[in-house]
Structures are given as structure tokens and as C-alpha cells.
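Consider the two complexes below, in which chain A is the common component and chain B and chain C are the respective partners.
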Partner chain A sequence: MLKRKLNSIWTKKGVQVVQETKLSKFTSSLFVLPYFIVFVLFLLIPLIYGTYISFHDWDLLGSTHRFVGFSNYAKLFDPSTYFYSVFMNGLWNTAKFVVFSVPILIIGGLLLALLLQHLPDKVKGIFRTIFFISYCISVSVIAVLWLWLLDTNSGLFNHLLSKIGAAPIQWLTEMPYAWISIVAATVWWTVGFNMIIYINALNEVPNELYEAGSVDGATPWQKFWNITLPSIRPVMVFTIVTSTIASFNIYGQPYLMTRGGPGTSTKVLLMEIVDQAFVQRQLGIASAMAILMALIMIVISIIQFRLTRNSEGSVA
Partner chain B sequence: MRKSKITLTVIAVFLGLLFMIPMIWMVATSFKTDTEALTSMSLFPKHFTFDNYVYTLFGQGLDVPIVRWLFNSLFVGVGGSLLVVIIDAMAAYGLARLNVPFKKILFPIFISTLMIPWVITFIPLYLQFGNMGWLNTYAALIFPYTANAFGVFLLYQFFRGFPKALEEAAVIDGANKWQVFIRIVLPSAKPMLWTLGIFTFMTIYNDFLWPLVSTNSIELRTITTGIAIMQQGSFVSSYGKLMALTTLATLPMLAIFLVGQRQFIKGITQTGIK
Partner chain C sequence: MRKLQVAGLILFLIGGLLSGCSWQQASATKGDENNIKLWVPFSGPDGPKFEEIVRAYNQSQEKYKVDLQIIPSSEYYKMVNLTLSSKNNLPDLMIMHADRIVDYATKDQLLQTEVLTKSKKINAADYHPKALQASKVNGSTYGIPLDIHPLMFYWNKDLFKKAGLDPNSPPQNEKEFKEYAKKLTAPEKNQYGFAVPTVGTQPFLFQTILAQKGGKLYNDGHFNYTSKEALSTLKFVRDLIYKDKVSPSGLAIDGDLKLFLQGKNAMHFNGPWMLAQFEGSGLNFGVAPVPQIGEKVQKVWANSHNFVVPKKKEGEKLPAIADFLNYVGDHGMAWAESGQAPASKAVYTSKPFKELNQQPKVAESFDFAEYPPQVENWGQVSDFLFQEVNLVLLGKKNPKKALEDAQKKAEQYLD
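Coming up: the complex of A and B.
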């Protein structure tokens, strides 16, 4: 009885569906429409517009924009131009920051996760929160805190140095200390993010593997190299790629802490782009720099995925 | 075995202190007078005072609207995340479950934009908002964050795995798509929606470069960009006031983080593993 009743409802619905297909498709599309609109307005159009700008001689305040083809890009690769030095200086400084910070963020995050894993269960949650909490602070608060810790005259670091009889250090205006300060602040700020990802990955390693390892008489060190690391490899690739991308986007820390100094030695690519766009008002050049920066980031991500996939293949 | 646990706990406490010191110091100094903040390294204020907070929030001599900045940040943060959650949930549900034309093309296009670094878009966005007369408006501080496909991606996976039986039961009861979506689908996705909401709030609240570029009126600064003004401006050597300001600015994020920590962490692990 019930079954027949249900059947009749279904056929009725079925007929309705056939009749309403057009209307039904239309109402279904309404679900996607709002996102589609913001997607087009605030992502697709800017993408096309940005590329368009990069092919023009475009002064922020000027009203006419001359088409110049690839010449903005050509300037960035022509060693005789001023733009070349700006672009390469920024790219070089950003690359340095990536190379300094990413290994610490990866290894530091993993070490913190391993440490937490071996702590008594009662205190795990507390330490997880402590190591992670700085991640939710904004970059300007980070900068204020670290500028103050690193202050030459009244900062905590130099105070501690004077206690052990060492000379004060100009943390933000001398090399290599300016980089050390920026990297330290960044690691303190974001290493907890990777830690969270690793905690999750370590929890997913099957316990049987470790038990099997113990049966075979493996030392903790051997277990780490032969069981833990291979098991979390995909997650490591992910964190390497995301940390690299995040480090590439560095802006706030040098902008607020060192102003790009000493000289222009911590002036990173994004600072140079913002400068070209809103101080020099050369939007064409700035857009070309932004597009090149994005292309470099995409290429590096792809290479990182490829490299790690290949090495995985050779191990297996 | 016991011994190694104790050693590790000691290491953890030491590292924990290193991680906490900047923040503890920030809060402690916010209760010191400016002179004490400059001269004394002690953790606890000798003359405990609320003056820094009173001045920062209600100071007569203050030439900037700090309370307005806090309001701006909360307003665009809450407004933006609400908008993102609604728009993304609708789109993800439509793409995952409904018969939307071209969805086989649309979804991959949306997702592939996750690969595109945002640095490409901020200059054209600035010009676009300028042309529309939207610079120095709340719209400028909200809309650019809505185009992020992260939420669509996150919720799409969830809706794919959502049991069909629940929807069908509602359809038999005569509910239409919107009723199914609002009464059945959204409530079941609540934890996911919170995750997305908290993430988006944090992105908007903490963002620095876009609000810096898209606003120059002092009234429309967010607290994050406002701090940068104060740090170089009138609070430059008033560490007590500066720390009161940064403590105030951090409180909303901290509260949200501590309340929604589980959702927050789930969001992070979800981005990576799937």
C-alpha cells in the first residue's frame, strides 16, 4: 500500500520534473548566481584588466593610456633600465626571505608537532593553543610587538644582552640583523599553522606501523625516518608549497619593521610593486611586475609538486 | 620513559614561555604609565593604571577615531564573513546537488582560481573601485574577499557527501529547493559554516595591504591599518598607549579563536589533507 502510494508520488513528481525542467534549471542557477557575479566582478575582470594595464603606459593620474605591447615586461628584463634594478632587487630580497623562512617554518612546525605528540595528554591541548595563538594576531600588532622587543635603547633583547655584558645590537638597521629580526618575527607569528597541520598528519599514521617497527627492533630514530617521514610526505609537500607562497607574499613585516632598510636591502618585491603603483604612479610597470611575480609563484609551486612526486616515485 | 616525558615537558614549558612572552608583555605594559613602560623591564606594573585604555578609547586630545576603527573592523569582518558564508553555501550546494547548467565547466574554473596569487588583482581592483566611486567605502573593504573560491571548495566537498535521503524526504513533504536548502541542508552544515565564517573573519580583520590601498580617509581605516598609523604617529614613543591599542585590537580575534578553536583547527586541516 505504502509502497504504491510512494510510487505514485514519485511518478507525479517525475512528471512535474519533466514539465518544469526549464524553470527548475533556472531556479537552480539562482543558487550559483551570486557567487558567479562576485567571481566575475572581483576576480575575472580584475585578472583581464590587470593584464590589459600591463600592456599600457599607464599613469595613475593621467587620463590617456598608450598601448606599449610587451615593452613594460621588456624593461623589467633590460639591465640598463631603472625598472630592472627595482624589480630584481625586490625579487632577490623576496627570494632571500623565502629561503631563510621556509625551512624554519617547515622543520620548526614539524618539531613542535612531534614535541606535542610526546607530551602527557593532559597538557597537549594547552601547549597546542600556546604555540598556535600568535597566528591569529594581525601583522601590524606583530610589528609593534617586535619593534618594541628589538628597540635599540629600551627593547627587551638588548636589555638581556646588556645583562650578559654584550654590546647592544641595531636589530633593524644593520645586516644581517634586519633579516634575522624579520624572519624571527615571521616564524613566531606563523609556525603554529604548520604545526597544526603536522599534528593532524602524525595522528593519521597507523599505529600498526610503529608496532611492526618495534617488533623488528627499530630505534625511535629509525622509526622516524622509515615510518613517520614517508607517511607524512604528502602533507610536507603541501606545507612546503603553502609556506613558500605565504613567504612570497611578504609585505607587512618589512614595510612596518625595517621600511625596507637598511638601504633597500629588505625591500621585498611586493613593496616595490606597491611603490611603483602608488608612489611612482606607474601602474603599467607595476602590473607587469605583479603578473611576473604571480607567474613565478605558480611555476615554483608546480616545480615543488613535481619534484616531490618524482622523489616519492623513486623511493617506492 | 617517564623521565623523557618530564624532559620534553620542561622543553615545552620553556618554548611556551618564549612564545607567550611578547603577548604577556604587551598586556602587562598596557597597564603601565608611559614613563614606566620606557624605563622598566619588569613584567608587573609598579603603578597599575587603566589610563592607557581610557585615553585610547575616549581621549580628548586624540586626533584619530580609534573606536570607529574598531567598529569598522568588526563591521566589515562580520558583514564580509556572513556574505561569504551565504554566497559560498548557495553556490557549493547548487554545484554539488542541483541541476545547474554548465556546472561541469563552472566548478573546475572556480577551483582553478585558487592557484592564482592575489597580487595580480589588487591594482586592477583599485582602479575598478575608483571608477565605481567605491574607494573609501565599506563595500571596498568587503567585496574583494567574496570572490575567494576557498569556501565553495570546502562546502562543495561536504555537500557531495551529504545523504540524499534527507533531501528526498523533504521533497516528498512538498518542500521546494529553497526550503530544502534553508531547513535541511544549512543546519546540517553548521560546523562547516562556522569554520568558513571564522576563517573569513580572520582574513578580513587582519588584512593589511588591501585596506591600506583602498582607503585613505582616516574615518574608514580598519584597526589593523590604524595601528600602523599610530605606531609611526602620535603613539610613537608611548609604549603604554600603543600596547593598550594593540591589546584592544587583538581581543576580538583572541575571543573568537578561543571560542571557535576546534572549528578553526578543523578548517586548517581540511584545507590540506583533502
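Coming up: the complex of A and C.
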């Protein structure tokens, strides 16, 4: 009844309404404009310009930039070149980091969110802040902090190990500990972000579903598996994709904590790209590497969306 | 986020192109040739010392004005590269490390400073010849040296006393160095004679010992990473950790420095720029030129800060630059207070300079300073070697194999 009434009011003033939407469409696009300008300036133009550079032999200090077609890309796939070893080593190390960190960021964020949900209301806010606050610190501070904790001879961790009589661990200079350290620092730094997103998602799950579950005699585990998880699936997809992208962009942690060592075993792709672009000043090859990296990330994101959409379809 | 930053930097390049146009018009106005824009990377405790010199200069006369811009050292060469590539909004004068000059000189980005040194105001003979030599590429000079910073030897006097060693006489040669290191090591107290750096200052130490053994990393256009001197240097350093056991193994970045600051590492190599931090730490430390560990000749790894003049379309402000550099040459004492030793004879031979504690020791090293080889992108090409050295010092690789791999990578890079 109410709905129909409202409709009639809308149709009565039909002309006016149409005018309003035209105007409001115009004003809304004005609100979008700042974002659009920033998007064009900081993403679209650099992307096009970067692609353009990647087809040239582009020494930053050279006066001429020779067009070389796809030869920069070809070099990255030719095993006899130096660039191949640099690119593949960086890509492989980045891939390792993604594989190590994303599951922990997803599951860890969810566990923290679940934990917080079951805390008494009084302390909820405090712990939410505690878990999230590290996300607000810059990467250089994170690195210094963890360097002091992980230092082989004067770090807190090894000091504690020696207190219990265990042998010290070379946290930053030995495999697999260097990766463990970098992943641990990253998780501590960013897991709070996923946690906040999961907290909101968990709050959105209708309580009636849990009540209905209880009536049917579902165990907590069954409730989690059959009610919570399906309800937060879209949010999970979101966090998986964003965490993967963020992990792909890893740079600061290995740069500051291990310098890519031991040897080059934690030297990630962005470190190699920055080296090529701003240390060796070879913008052409660096842009080719960056474009390839972006393409790989896009492909992975599409695959992730496809996979999750398919399984969603089967649920519905 | 980081990708955004990279994109941002590329955008910065374009932004430079656009905004630069208006700047150029502004800088073409008359009277502007008396204003020098100067870029320096002194974002550490040395920054205020350098500012002092500039302020004093601006107050000392009316005609010229230096506009100092301190750029964070980690961003410095990125900024220099991007600005040089856009050719707009360039500084009139900037600081550049000696080993970087070759990169920019061969790309025709720097003015040959003979025009300055031939003028009456600045005389090449007023600077230490080693520093001048290091700013020469293919026979032309591209920089006026500010300082020379060799690797220095620091030791903990208290630990020397406890080990029954004279706290005022540092080791002089390989034998003494090893002997002292062993005496100073007490693993049960987590105390070491000489903690060997695996990254960070490791290349400086390696290049010092190699030069002392008469070895070279680069010869007549070829990398020479597999020489017998390189192998013997690498074995010596590795043995300190695994055979003589005077160093803990698996040190992380700055691990040797941290131990030294905590009084658990008796001997330490680092640059003169560390002086302020060591003095502030309350350590009872001594400082001296590096001991001669290699058997052939006394040498020490060194680098310099140089003033260089980027080439500009609208011409360089030579009279103003010459006047300022002349002043810095005569009034560089403030720079010495940062721990550095100025390369200007007027300063390092002066009485107030000689009364300082560490800085005269730095100047003592000038005569046997050994600069990195003049190879484009030396920082990057030498990295192939030092990544492998890192693996050896971490006990992950055999020295001979490591040097061969480094050589292979460097040659592949050159192709």
C-alpha cells in the first residue's frame, strides 16, 4: 500500500523528477571528476607512457631513445641474457612471497575477527585497535622494529632463545628463516586491515540464521562452515584479491630487512625493477618488466574472480 | 601502493616536463645569475653542519646567494636522474660521489670544471691530488672535491684493556690484527674480536684488503673477480668467521655495528660519518687509519663528495659558483665537525683541524686512498661480486665457485 502511494506521488510530479535526475546526474559526475582526474594523471597516463617507454631503448640520461619494438620483452624471455636471470629471479621470489603470505593474511585476518567477536564488548574496541594499529605504521618503522627483534646476535628473539638454552637462529641471513621473518613482519603489519573488513562482514551475517541453526541443533563448527563462511564469501573474494595484489607489490620489507639476501634469494621483482630504472637508469627494460608484472597480476586476479564466481554459482 | 609510487615517480618525470617550462622563464630573469641553487644529499647529522657553511657564506657577502636544498640521501640520485633527464628545474651546483661521476660525465651531463679551476678563484693545487684525480674521467676534471671519506678503523678501548692489550695502540698488520682479534674474543660472554660484516660495509672492507694485496677488480675494460688476490681476500675474511672464530656467523645488516655499539665487538670498520653516533653512544673508542692487512701495500677504500656543475641549456652561473666554492675551500671547518675531513688543503693542514680527534686520522689516510674503479654503474656491477661474497660469508658457498659465478654474471651483464 505504502509503496503504491509513493509511486503515485513520484508520477504526479513526473516532469519535475526528470529534470531533477538530469541535474543530479550532472552534479554526481562532478563529484566523480576529482577521482577521475587523479586516475588519469596517476594511473592511466603513467601506464600508457610506461608502455610507450617499454618499446624503446631508454637510457634516462641519453638524449635519444631508440625504438626497439618488442626487443625489451624478448630479452626478458631469452635465458642467455642478464635481464632474464634478473627478471625470473625477482618474479620467482615475489611468487614465493605471495604463496607464503596470502593464506596467512586471509586465515589470520578471519581468525582475529572471529576472536574479537567473541570477546566481551568492553575490551573489543581496545583489541581491535591493538590489532589494527600496526597497519598505520610506515614500512621503514616496521623494518627497523623487526630488525631489532630478529638480529642474529643482539636481537630479542635470539636472546629469549638463549635464555631457554636453544641455539640462536639466523633470522635474516639463512633460508628459510629470511622468508619467515619477512612474512611475519608483513603479516603483523597488514593483517589488521583484513581483520577490520572481516569484522564488518561478520556483523552483516543475519542473526536469524544462527538462531535457526541452533534450533536445528547445529554445532559451532557446522554453523561456521555452513552459515558464516557462505555469508562472507564475497568479502573473502575481495580480501584474497586485494591481499594478492598487495603481496605482489612487496618491496620495502626485503629491501630494508635483508637487502635481498642471503645472496639474491629474497630479492623481489619490484626491487629489480627499481634497480633497473633508477640505479642503472634503463627505463625501457624496467618498464617492460613493470608492464609484464602488471599483466601477470591482472591475469591472476581474473583467475581468482573466475574460480570464486564458479563456486558461488554452484552454491546458489 | 608501492606500484603507485613507481607510477608516481614516472609521472614526476612528466610533471617535471610540464612545470619546468614556467620555471625556466622565471630563472631567465636578470640578476638571477647571482643565485645558486645547490643540491646536497646530507639528510643525516651532517646536514646542519653543511647548512652552517652556506649560512655563513650568505652572510659573508652581499652579491651572491646560495639556495641550499637537502634531499634525502636515499632519494638523492633518483632525483638527480629524473631532473637531469628532463633538463628542467636543474640545480646550478650539486654534490656527487666520486664513483658516480663517470656515469654522468660519459652521458655528457656535467660541465668540465677546468673552467673553474683555471679561473683565479679556484686553484686545483688547493685540493688533495687523490680527490681531484678521482673526479677525472678520460683526462677531464668534473668535480671540485669537498672531502675524502676513507674506511676507518674503530676499536673499543675498554675491551682492549680487559684483554691485556694497550688501549692506545691499534693493530698495524695482519698478524697483529688476528692475534688481537683472538685475544678479544670470548664467545661465552657473547664478545667478539672482530665481527665480520656480511652486507653494508662489507664491500668497503673487501675492497680495502684486496687493494692492500695489490689486487684489482677491474682492469683494462675487464672484470677481474677471480684473481688470486680476490680469492685470498675472500678466504681471509671467511676464515675470520669459520676458522679463527673471532666473529659470530650469520650477521644480519649492521649486526657488526650493533655489537660494536653494545660493547660486544672490539674492532670495527666504518666510515668517518659514524663519528657523531659513536661519540653519542658513550663508547670509549679509538679511531685510526685501517691496519695494513694485505701484505703488499697500504691502501684503503675511499670515496669523495664532489661539487659538480650540471650542464644547462641556459648556461651555468660560473662566477657565482667559483666564488662560493672558493669560500667553502677556505671555510670548510664546519664540515670537519661532522666527522669528515675536507679535501681542501687550507682546512686539513690548518691548526684547528689538527687539534680535532678523529679528523686528522682521516686525513692521514688521504695519501693511500683507493677509489672504486671508473666503471659505469659500478654500484650495480660490483653488487654481483658482493652478493656472492655475502653467500660465502654466510657459509653457503665455496669461495672459488662464488667468485666464478660473480665473474660470469658481470660478463653476462656487459654483453
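In this text, the second predicted complex is superposed on the first by the 272 of 316 C-alpha atoms of A that agree within 3 Å, B and C clash if a C-alpha of one lies under 4 Å from a C-alpha of the other, contacts with A are read in each partner's own complex, and residues count from 1 in each chain.
The rule is short, and it goes like this: contacts are C-beta pairs under 8 Å (C-beta built on N, C-alpha and C of every residue); 3 or more make two chains touch, one makes a residue touch a chain.
Every value quoted in this text rests on a predicted model; they were computed, and no experiment measured them.
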| item | value |
| --- | --- |
| Touched partner set for A:P262, first chain B, second chain C, both or neither | second |
| Contacts of A:L47 with chain B and chain C, given as first, second, both or neither | both |
| Contacts of A:L270 with chain B and chain C, given as first, second, both or neither | both |
| Which superposed partner A:N249 touches (first chain B, second chain C, both, neither) | both |
| Chain B versus chain C as contact partner of A:Q280, first or second or both or neither | second |
| Which of chain B and chain C A:S154 touches, first, second, both or neither | both |
| Per-residue touch tally on chain A - higher for chain B or for chain C | B |
| Which of chain B and chain C A:A290 touches, first, second, both or neither | both |
| First (chain B), second (chain C), both or neither touched by A:L202 | neither |
| Overlap of chain C and chain B interfaces on chain A (superposed complexes) | 41-43, 45-47, 49-50, 147, 154, 249, 251-252, 270, 273-274, 277-278, 290, 294 |
| Interfacial residue positions of chain A with respect to chain B in the complex | 6, 9, 13, 24-25, 27-29, 31-32, 34-36, 38-39, 41-43, 45-47, 49-50, 53, 112, 115-116, 118-120, 123, 127, 129-134, 136-141, 143-149, 154, 156, 159, 188, 193, 196-197, 200-201, 204, 235, 238-239, 242, 245, 248-249, 251-252, 256, 270, 273-274, 277-278, 283, 286-287, 290-291, 293-294, 297-298, 301 |
| Complex contact set, residues of chain C against chain A | 1-4, 6-11, 14, 77-78, 81-82, 84-85, 103-104, 107-109, 190, 195, 198-199, 248-255, 258-259, 262, 264, 377, 379-380, 387-388, 390-391, 394, 396-397, 409, 412-413, 415 |
| Contact set on chain A toward chain C in their complex | 41-43, 45-47, 49-50, 59-63, 80-82, 85, 147, 150-155, 170-174, 246, 249-252, 257-264, 270, 273-275, 277-281, 290, 294 |
| Of chain B, residues touching chain A in the complex | 4-5, 8-9, 11-12, 15-16, 19-23, 25-26, 38-39, 41, 86-88, 90-91, 93-95, 98-101, 103, 106, 110, 113, 115-128, 143-144, 146-147, 149, 152, 171-172, 176-178, 181, 202, 205-206, 208-209, 213, 224-225, 227-228, 231, 239, 242-243, 246, 249-250, 253-254, 256-258, 261, 265, 268-269, 272-273 |
